[in-house]
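Naming follows writing order (A, B, C, D and E), and every chain is counted from residue 1.
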């Protein structure tokens, strides 16, 4: 029941929003708390199935979705408070989108079968559109357009994959996937699904929409877009394309290198950006690359699979909370002096894997996992990602310092989110045996990248390196847009001139008139009769 | 008593509408109230009748009416599960459309003619759904052409007349080929009763080529109405008709008659196995697939709302044909159930387009800006329909798409999934911008042509659209329910694939 | 009984015509009734006889065949008689409105009308080639008189042309009859079969007679007289001419062909006639497509539809016979309905130019409906007699594997739809000016009713074919393949 | 030999007159030639051993037709005195070939028919065999009234139909316009009529009576009687009328009615339809027909619905 | 060459003349002459080609021709009346195609 409530409550509230004012009171009162409904299933851990709605719906909470449910519940609810206080114009649309996205997110997280997951996913995708377009300015429209195009590219891949799966195993429960290993590993569905969900996650080169869309949304919306919604793609991976025992190593390696490439490329491009939310968006891309690398490891190292999967969930939780907190920072603080600085710095450091932060935990666990495996070399690379992240966040901080916000105010929800970003991952890690004992070399491994960062920063300041503005926001999308610019012309309807319809008839009329003119004379009929007599004679006479 | 009931009820469904039509003609233009009452009463009576027959069929009876036209040539009306599917769709949508049409045509001239033919059109549709053999099907099929033509040209403008001409050129030519095929088939194997799995398997060896040609002829005949490429040309032009007509043409009567006929042809005359054996399934599949894409691309190019919807229909109806062409139980379910789903969804869209045009004079897509604020309910209904067309859950369209895709994979035609997905993307490409305009753009200062209408009228118009929207949402949401069309179709298809 | 009934069927209208001439105007209505009304009842008696015992033959004046004239009533002629009687009665209902006794042309119209009726009945009964010639002349002369009755110049011209060509046709026929008599020494149609060997004189004779009849039947390319004549005649006259009069000529060709010379090798000639029929279908339809007047469209439609009756020759089977007979029947009713409806429209509008017909369906709904229903049957759309006929034709063509005829028949329906829907489209067009039809004259209800009855008859013919087809089958010439 | 020469002479004149009647410079001369052509035709019939036809041709073909044409011509020139100057003959490059072909067709058919094996003319033989039992001497009358009486019945119906049709197309307005010559009351006319009328009546009665045994018959007699009527009309003794006249109408129909009623009557006592009950019936019908035919022809001539007597002083 | 043959040839020539006249004459009365001449030629043919029965002329063809003559007269009389009326209505006694407006009412 709690699972159903978590899905249906936001949906109901959303449907109430277009209604006239007096019916909306209840909706308004409940909306900031609607995310909290997700805590209930987290506590009750339900497992329910209904046969009659749609193609059958089953909902459940299990190991895989737990961290993400937690993330969603916390980040969404706190962002909702934030939004409640800051969003002023056009609230109906904002909240419709917000609640729709929440409902979709909840459904996809809780879904236990293919169809339900897809329904949630589609709802999420569409509702997020409303969040992105909220500002109604040209940038927003552009971003929304790119978002929608990319979302549908992803959706297409996902739908293809899902239909391919459905054709072989029907609307299967995820729990039963293990029974279909052979089908799954051979099916192109897998690759389609991987690619489709990668769009949502912002894995390069499918990230086009992300650096455009995240910045244009209102602050709280950006927070959940970057913090939570991108994780929907991850959820898809975890559900649909978990690593299989038969998988060859190259799959793992491919994913890992793709993830690492995304991680670094995101940072490089992010460093050239001038708007803080854009920088943060690229940071998200980078971080998701990291998570992809971790996901790749689950395939590469099958014997550590379960631990690594838990780790991936943990990383998602950690990144989600902290990145959401960082985004909220853009909306409120930055001029608030010390408190603001602290509240910005804490999540930033955490993401950079500063010792004893949740990021540190994650990195440590990863490094431990690759230790003494063929992927050992990754240890160094992972450390370098911390350097890169730290650099990027430093860049963000630099921009933030020079940005003036109107009406700065300290939103408690922001502070709470920062706090939960510090605390919750630790609690989670403690509960899931993810805390490695502190060892010096590990500490050092966490610190040297940051020192490297400091050196680079110092050098940059000294040498006055400026890379800003060299790569446009959204990088590749500019090229794509230029190409796509020709499409409307191709599609444009050419008005065909309507030919006078009687043309043929007129011609026929003349012809018939001419014919009849000559036919009417007795002579013609006589001649015809004579000819006919002859013909008949010939044909009768054998 | 029971025997009599079994004999007459199928005919009664046809008679109810036909009689209504005739009485409306006779009553003439002046008796507006009588006409309204009669229309509604007949629609409700028909619905009840269909429900009753539906119950009979569900309990294993097969009501059948039979009369001989020429010795050896019977007119047979029989209610089986498939016919009840189509009949109930028609009955439900007729009721809704009647309410809509009464409000829509308030104060316009020639209403007696309109509603007369409207009723006759439904009678023909009923006949099509109940037809028990190919000849009966053909008779009502042609009757449908006849009765829809006056509706298409109802506006009486030169454009309407031209459109009507185009409509006839296509449908009557198709009908002629149909007839040739029918006679040919009759010559080979006698009257073609609809029997699950077909009856022609015995002739597959000695009359192989004939059967192939006949199939092509019949497919062309039905494909014209189903707007299969390249036989779809009439459909966009027929958009000049009043909105209820477009709605009826697209959702229930005409295109569906064609699609329904193809289902009958493939499943009940030839049988899916024989179609596959004759090598006809792949060409049909290819045509359907191409039509799906072609219709979507064309829809993308339209600026007129109704035209865009029309091409959308071209594309969507081919899903049905796609389903039966793929073969295999799952895809067949998807195809047949789309008959219902597409009907429900498309009728919303046309209702809404009609409301926009009628109340605000909005006909082009670029005029839709901000109409969502002015007409939230209509726009919401439109949104439901549009999302369903794209195939987004939980609207009904998703269910069909799911079954089609899964069925294609099951039948080993994986590439069809690509068609489905591409079509979905294209659908999104031509519907989402419309939705964006409706909801997110600022409204203009003045609407093109604002009509002053009574609340009752607006209520009936919008109400019909909402009912249709609720239905299509409901059918999708409750797809798993034992009484849903999906399960009904499941049981039908179980007969085809024992 | 049968002889008496048949005698009355011929002589009662004749007497009534005489009565209409000789009696004062006040008695005209009575004469009409006496001449028309009892006929269906009278016809019942021979019907029962024929159904029971097959063909019925009367030697007139007691002199049997080679010497005297015989009447022969077989199922086919029975069907034709019924058609003639039924159609004439229904059309008379209409004529009774436009030519109500007391109105200007009534006392001229009715005697001719009754003579035409009697002539047709005599023609259908006659088994004697020369007697048929005389009846044909009677029918032709009365028909032309009826066409020219109202004295409008186009009608007069049309009548004159018809007269000249009909006389030419009669001469050809008469020459043929003379030659046949020279060859066989008999004039009885049913005695020819065994006596007429396909020598080259007899071939010439048959060819002459057939061409003569083809002229009277207005088969393309000998149709030139028909559209103007049927298009300008008074409504009831157009109706009976198109529905029955032209068709009996083709009926006579059937008789000659299948009963007169059944033993001949006719394949090539049959093909020729079939081709003529096909050309008639195509040409008539195309010509109808470009006419600007309703009645001319319907008249050209007759030119086209007559072509189907010739398809019987190449197909030559039981099915084809049923098809042709059924076509004759349903086309007759439909065409009569259309002409009557057109006459009503013409009468109330003062014109039947297409462009003036816009929106007329609101004013004359019943007539337009009759027009449309008749059109449905002509197009061969179901459910209608026209459809069944087309179906049977197609089946016959299929059975004979005659693909070209099959295509032609299918195409013919489409062409018919093209020209008929052109009319209906105009009718549905909104009139440009509201006052377009302000000066409408009311049509009498009976006039519309007659049109409607015939139209409904044409539709109902789509359901009740069995007895008629059985009748046709019973009356087939021997030795026809199924 | 002389016969052949006579035949040739007749034939040449036939051809010449035919050409002239069609191609004569004026329409009037054409009519004259046509009437003479009729007379030549009757000579031809005589040469072809068909005296009945000769008689009929002379009376009907030449006489009545000629009179009808004349009166029609007169009506035409009242409307448009110059009948032909404004007419352009239809362009006809094909006329001669068609005419040649048609002529050749008829010629070949005729020659072939003559050359063909003589077939037993069953019907003709039967007529000659059965004639004896009827009491009639003229086989043609036998054929026309007894053996193929129905033809004759329909034939007078055709004549009636032609009259009715002609009446239907005749404009009724100018009926009362006199058809008479300028000066009807010349004494000579009266005297002439006093001789001619009884004479023609006598001739026609004779023809009628003769018809039974030798040449003659109702048609010939009717035509002669009609000639008398025409004369009366031309001299103004009879005038066209629009008035309904029971007498005229009864006379018009007495032939047809008698034939039908006497033909139907045998059914009452079980005899075959149209089996005439004896010679009296034949004569009765012949006489009635004669009157009807004569009246019909006169009415056709007068272009009128009825006739009425006119008194001249 | 007997007289029957001669008359047959005469009939042929007459028929040709009739046909020619029918075609080339503009005036309706001349067309009626032509038709009548054609009719006469056919009648001659019928009688001339009849086979005598034991020396006696076959009465049947003669009876037929007699009927034919009457019918021809009837038709001619009607044709004349029609012609007169046409002339009254249109001023001309001709069927020239040029006079007819197309599709006349």
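Brief remarks follow.
Everything that follows uses one rule, which is that contacts are C-beta pairs under 8 Å (C-beta built on N, C-alpha and C of every residue); 3 or more make two chains touch, one makes a residue touch a chain.
These numbers were taken from a predicted model, which means no experiment stands behind them.
The minimal number of chain-to-chain contact steps leading from chain B to chain C is 1.
Following the contact convention of this document, A, C is the list of chains adjacent to both chain B and chain D.
Within the contact network of the assembly, the step distance from chain C to chain D comes to 1.
If you compare A-E with D-E, the chain pair joined by more contacting C-beta pairs is D-E.
Here B is the chain whose Cα centre lies closest to the centre of all protein Cα atoms. For chain D, the chain with the farthest CA centroid is A. Rounded to whole angstrom units, the spacing between the C-alpha centres of chain A and chain B is 37. Look at where the CA atoms of chain C average out and do the same for chain E: the two points lie 27 Å apart. A separation of 66 Å divides the Cα centre of chain B from that of chain E. Averaging C-alpha coordinates per chain places the centre of chain A 108 Å away from that of chain D. Counting partner chains per residue, chain E has residues 19, 22-23, 31, 42, 45, 49-51, 60-61, 67, 71-72, 74-75, 78, 82-83, 85, 95, 97, 100 touching two or more of them. Shown for chain C are the residues in touch with two or more other chains, namely 130, 134, 137, 141, 144-145, 148, 151, 156, 159, 161, 164, 168, 175, 181-182, 187, 200, 204. With touch defined as above, residues shared between interfaces to two or more other chains in chain A number as follows: 513, 520-523, 526, 533. In this structure, the chains touch in the following pairs: A-B, A-C, A-D, A-E, B-C, C-D, C-E, D-E.
Considering their complex, residues 25, 28-29, 67-71, 73, 75, 109-110, 113, 138-139, 142-143, 145-146, 149-150, 153-158, 161, 164-165, 168-169, 172-173, 175-177, 179-180, 183-184, 186-187 of chain B touch chain C.
Residue ranges of chain D in contact with chain E, taken from their complex: 3-4, 7-8, 11, 14-15, 18-19, 21-23, 27, 30-31, 34, 37, 41, 44-45, 47-50, 52-53, 56-57, 60-61, 64-65, 68-69, 72-73, 75-76, 79-80, 83-84, 86-90, 92, 94-96, 98-100, 102-111, 113-114, 118-119, 121, 123-125, 127-128, 139-140, 142-144, 148, 151-152, 155, 158-159, 161-163, 165-167, 169-171, 217, 219, 297, 300, 303. Against chain A, in their complex, chain C makes its touches with residues 161, 164-165, 168-169, 172, 198, 200, 203-204, 206-208, 210-211, 214-215, 221-225, 227-228, 264-266, 268-269, 271-272, 276, 286-287, 289-290.
Considering their complex, residues 90, 92, 94-95, 98, 101-102, 105 of chain D touch chain A.
On chain A, the positions that touch chain D within their shared complex are 521, 523, 526-527, 530, 533.
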